[in-house]
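In what follows, chain A forms one complex with chain B and a second complex with chain C.
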Partner chain A sequence: MLGPALRIAAKDLRLSLRGAQGLAQTALLGLLIIFVFSLSRKPGELVPALAASAIFWLSTLFSQVLVFNGLYALEENNGARMGLAMAPIAPQAVWLGKALAGFLLVLCCQAVFAVAVAAFLGQDAAGSLALGLGSVLVVDVGLAALGSFMGALASGKGARESLLTVVFFPLIIPVLLAGIRLLEGVILGGDGPSLEWMGIAAAFAAVFSAAALILFPYLYTGEE
Partner chain B sequence: MTVVLAAIAALALAVANWFIWVHAPLEETMGLVQKIFYIHLPMAWWGMISFLAVFVGSVMVLWKKSAFWDRLAGASCEVGVLFSGLALVTGSLWGKPIWNVWWTWDPRLTTTLIMWFVYCAYLLLRQAGVGGERGAVVRAALGVVAFLDVPLVFISARKWRSIHPTVFGQQGGGLEPEMFTAVLVSIAAVGIFWVALVRLRTLQLGQDAAVRQAFLHRTR
Partner chain C sequence: MLEASSLAKFYGERLVFKGVSLRLEAGRTLMVVGANGAGKTTLLRVLAGLSRPSAGSVRSGVERGRMAYLGHQTFIYPDATASENLRFWTGLYGRDLDDAALQDALERVGLRRFAQERAGAFSRGMAQRLNLARVFCIGPSLLFLDEPDTGLDVASTAMLHDRVEALRRDGAAVAWVSHHLARDLAKADDVLFLDKGRAAYLGPASGFDASDLSGAECAC
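On to the complex of A and B.
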């Protein structure tokens, strides 16, 4: 499964980064969200670390929805989805491949968002950067696992992308809370409750990866 | 059968109301407002049981590929959204005089609200006909995923902050025996009502599907 998944991820990344239009649009949306939130404070007023962390993850979520909609839209035309579904590979390889591609694309966007949060919201990392990066990676794995699954749900005839957002956002609340707390810890320094939140984020990633591995073949068929 | 169930439910709810207003004593500090609890708790519990029923129905759809289980999941979800919505509203009505806020961050409140959002979205997906021909399977996958989220939502929300009173907690809670009887009767009465509602909606969805099948050439 890993070989086909890597090939699908590579194909998706090539297609998504060609012209970089999709990624630029996604990063721009996230930047806009951070900028708009910065307007909620008077000039010179400090944004609390918790709020800054929440804004970072909100931008990530919106870009995540765009990224996975885009990844599944790649096979929307000319029966390409049918081709992928009929390929002699495990259907889960499609989920994993798209999750990997989405994970990397979202990570690229987050690199931009991190700088924007530091600049627009005046934040600094007092804690360990390695812990920060580790937390973001663990949370992103959970987001990608569910994002790739939900992307398949929204693909095909009769699907509504806006509906996907309505389903996706409440489902990711646990990992969102974990991400917010972890990042707040990194901004403020000190690593008190971090491990427990890391555990919740890891549990989320594990539960939804397992669920996606079992359920994805039901969702992803060649039917239009 | 549905009529009989509905009649028993009506009778049971009437009896439950006698227990709530006559049998159970007035709570000392909260006064009359505490009576909301006898409606709130059964609604919250049966709301959560509805979501469990959606999960069971969804697993059965994936396993047996039967349209009956899909309809049962749909009916349970409708009733669940209604009941948990009422639990949220009654909780808010209780919270305003007692906590002095309509809403606060609490694991149980948050979990109920998030599940309400998720299952509302599930109903929207049902209405929108997502998945086309394979709609039942797509909905079932969502029904399973949604339920897997419940413990994670609860744990993360509890870790965030909690002020909810524990009625049936490890410390034994704070219920008088009469109040305990009243709440049990209320849970049972709402339970019968729940069964009647779910059965009625399952049958209606079945009839709806049968009519659509009969007029297939018109709907396509």
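On to the complex of A and C.
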């Protein structure tokens, strides 16, 4: 499964970065959210670490929805989804390939968002940067696992795309809270409840990865 | 090679076809004919495993990597070049093409000089030729053709027919949906005629009366 998944991920990254319009628009949306929130603070006032962390993850979430919709839209041109369904690969390879590509694309966006949070919201990291990066990666794995699954659910079905946000956002709450708390800890420094939230994020990633591996073949087929 | 028994397909309440049973042997061509909406494409998709039948079953003795589908959809990624498209699809079938093999495959469909061009800029005919290159690189033992010559010029259509005939001679089984019965019937060994949601005829091509098609209707 890993070989085909890597092929799909490489193809998706190449197509997503070619011209970079899709990724640039996605990053711009996140930047706009951070900028709009920055307008609510008075000159010289610091945004609380918890709020800054929440704004970072909110930007990430909106970007993530766009990224995965875009990745699955690639297969809706010229029946490529049917081609994938015919190919001698495990259907889950599509989920994994899209999750890998989405994970890296979202990570690129987050690099921009992190700079924007520091610049527009006046934040600095008092805690360990390694812990911060580790936290973001663990949370991103969960987001990618669910995002790739939900992207498949919505692919090619206009009516389902609106449903995606209704289903996706409630499901994402546990890992979102973990992300917010972990990043707050990194901004404030000191000994926070990092391990507990890290555990929640890791469990979220494991549960939704397992669910996707079981359910994906029923969800993503050659049916039109 | 492929055996289907008592196949039925409904979309909601609407019957597409029912009671379709057939056998497809190696080295034989089954032509599926019928009026628009008779369920030919749906049947082909069910046989290829792309759509689940509402009833009945399909059994195939061919592994998935030796099946290919060539239809209206070209499976190409418009933002990828012709080479990238071909490499991606053949790679999924475990056939990694080196540069020489890639150039050769594109040469055979007349696209060698367009290898590095975006496939999105191709005409319908060029896109379908790229699709042909994909299918022939796979070297299928079971080939599903759904009006594969749509959008192809005369020379490309002749090339397609030659290559399909070559595959059949090598032992591939072919299930072929065609609207050009007068032209294509001679290439068929057997004919399945879908009419009013049922198999109105299934037998040797020599025994099929093409005039039956004039009164054919869909099941809708």
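Basically, the second predicted complex is superposed on the first by the 219 of 224 C-alpha atoms of A that agree within 3 Å, B and C clash if a C-alpha of one lies under 4 Å from a C-alpha of the other, contacts with A are read in each partner's own complex, and residues count from 1 in each chain.
Note that contacts are C-beta pairs under 8 Å (C-beta built on N, C-alpha and C of every residue); 3 or more make two chains touch, one makes a residue touch a chain.
Just so we're clear, the structure is a prediction, and the values are computed from it rather than from any experiment.
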> Can A:211 be said to touch chain B (first), chain C (second), both, or neither?
Replying inline: first
>> Looking at A:15, would you say it contacts chain B, chain C, both, or neither? Reply first, second, both or neither.
In response: second
> Is chain A touched at more residues by chain B or by chain C?
Replying inline: B
>> If we overlay the two complexes on their shared chain A, which of chain B and chain C does A:221 touch? Say first, second, both or neither.
In response: both
>> Looking at A:178 after the superposition, I want to know if it touches chain B, chain C, both of them or none. Which is it: first, second, both, neither?
In response: first
>> One more residue to check, A:7. First (chain B), second (chain C), both or neither?
In response: second
> Can A:103 be said to touch chain B (first), chain C (second), both, or neither?
Replying inline: neither
>> Just checking: does A:86 make contact with chain B only, chain C only, both, or neither of them? Give me first, second, both or neither.
In response: second
>> Going by the contact definition given at the top, which residues of chain A touch chain B in one complex and chain C in the other?
In response: 221, 223
> Residues of chain A touching chain C in their complex?
Replying inline: 4, 7, 11, 14-15, 18-19, 74, 77-80, 82-89, 221-223
>> With touch defined as at the start, can you tell me which chain B residues reach chain A in the complex?
In response: 62, 114-115, 117-118, 120-122, 124-125, 128-135, 137-138, 140-142, 144-146, 148-149, 152-153, 155-157, 159-160
> What residues on chain C touch chain A, complex-wise?
Replying inline: 45, 48-52, 63-65, 67-69, 71-80, 84, 88-89, 91-94, 127
>> Considering only the defined contacts, which chain A positions touch chain B in the complex?
In response: 146, 149, 153-154, 156-160, 163, 166-167, 169-171, 173-175, 177-178, 181, 193, 196-197, 200, 203-204, 207-208, 211, 215, 218-219, 221, 223-224
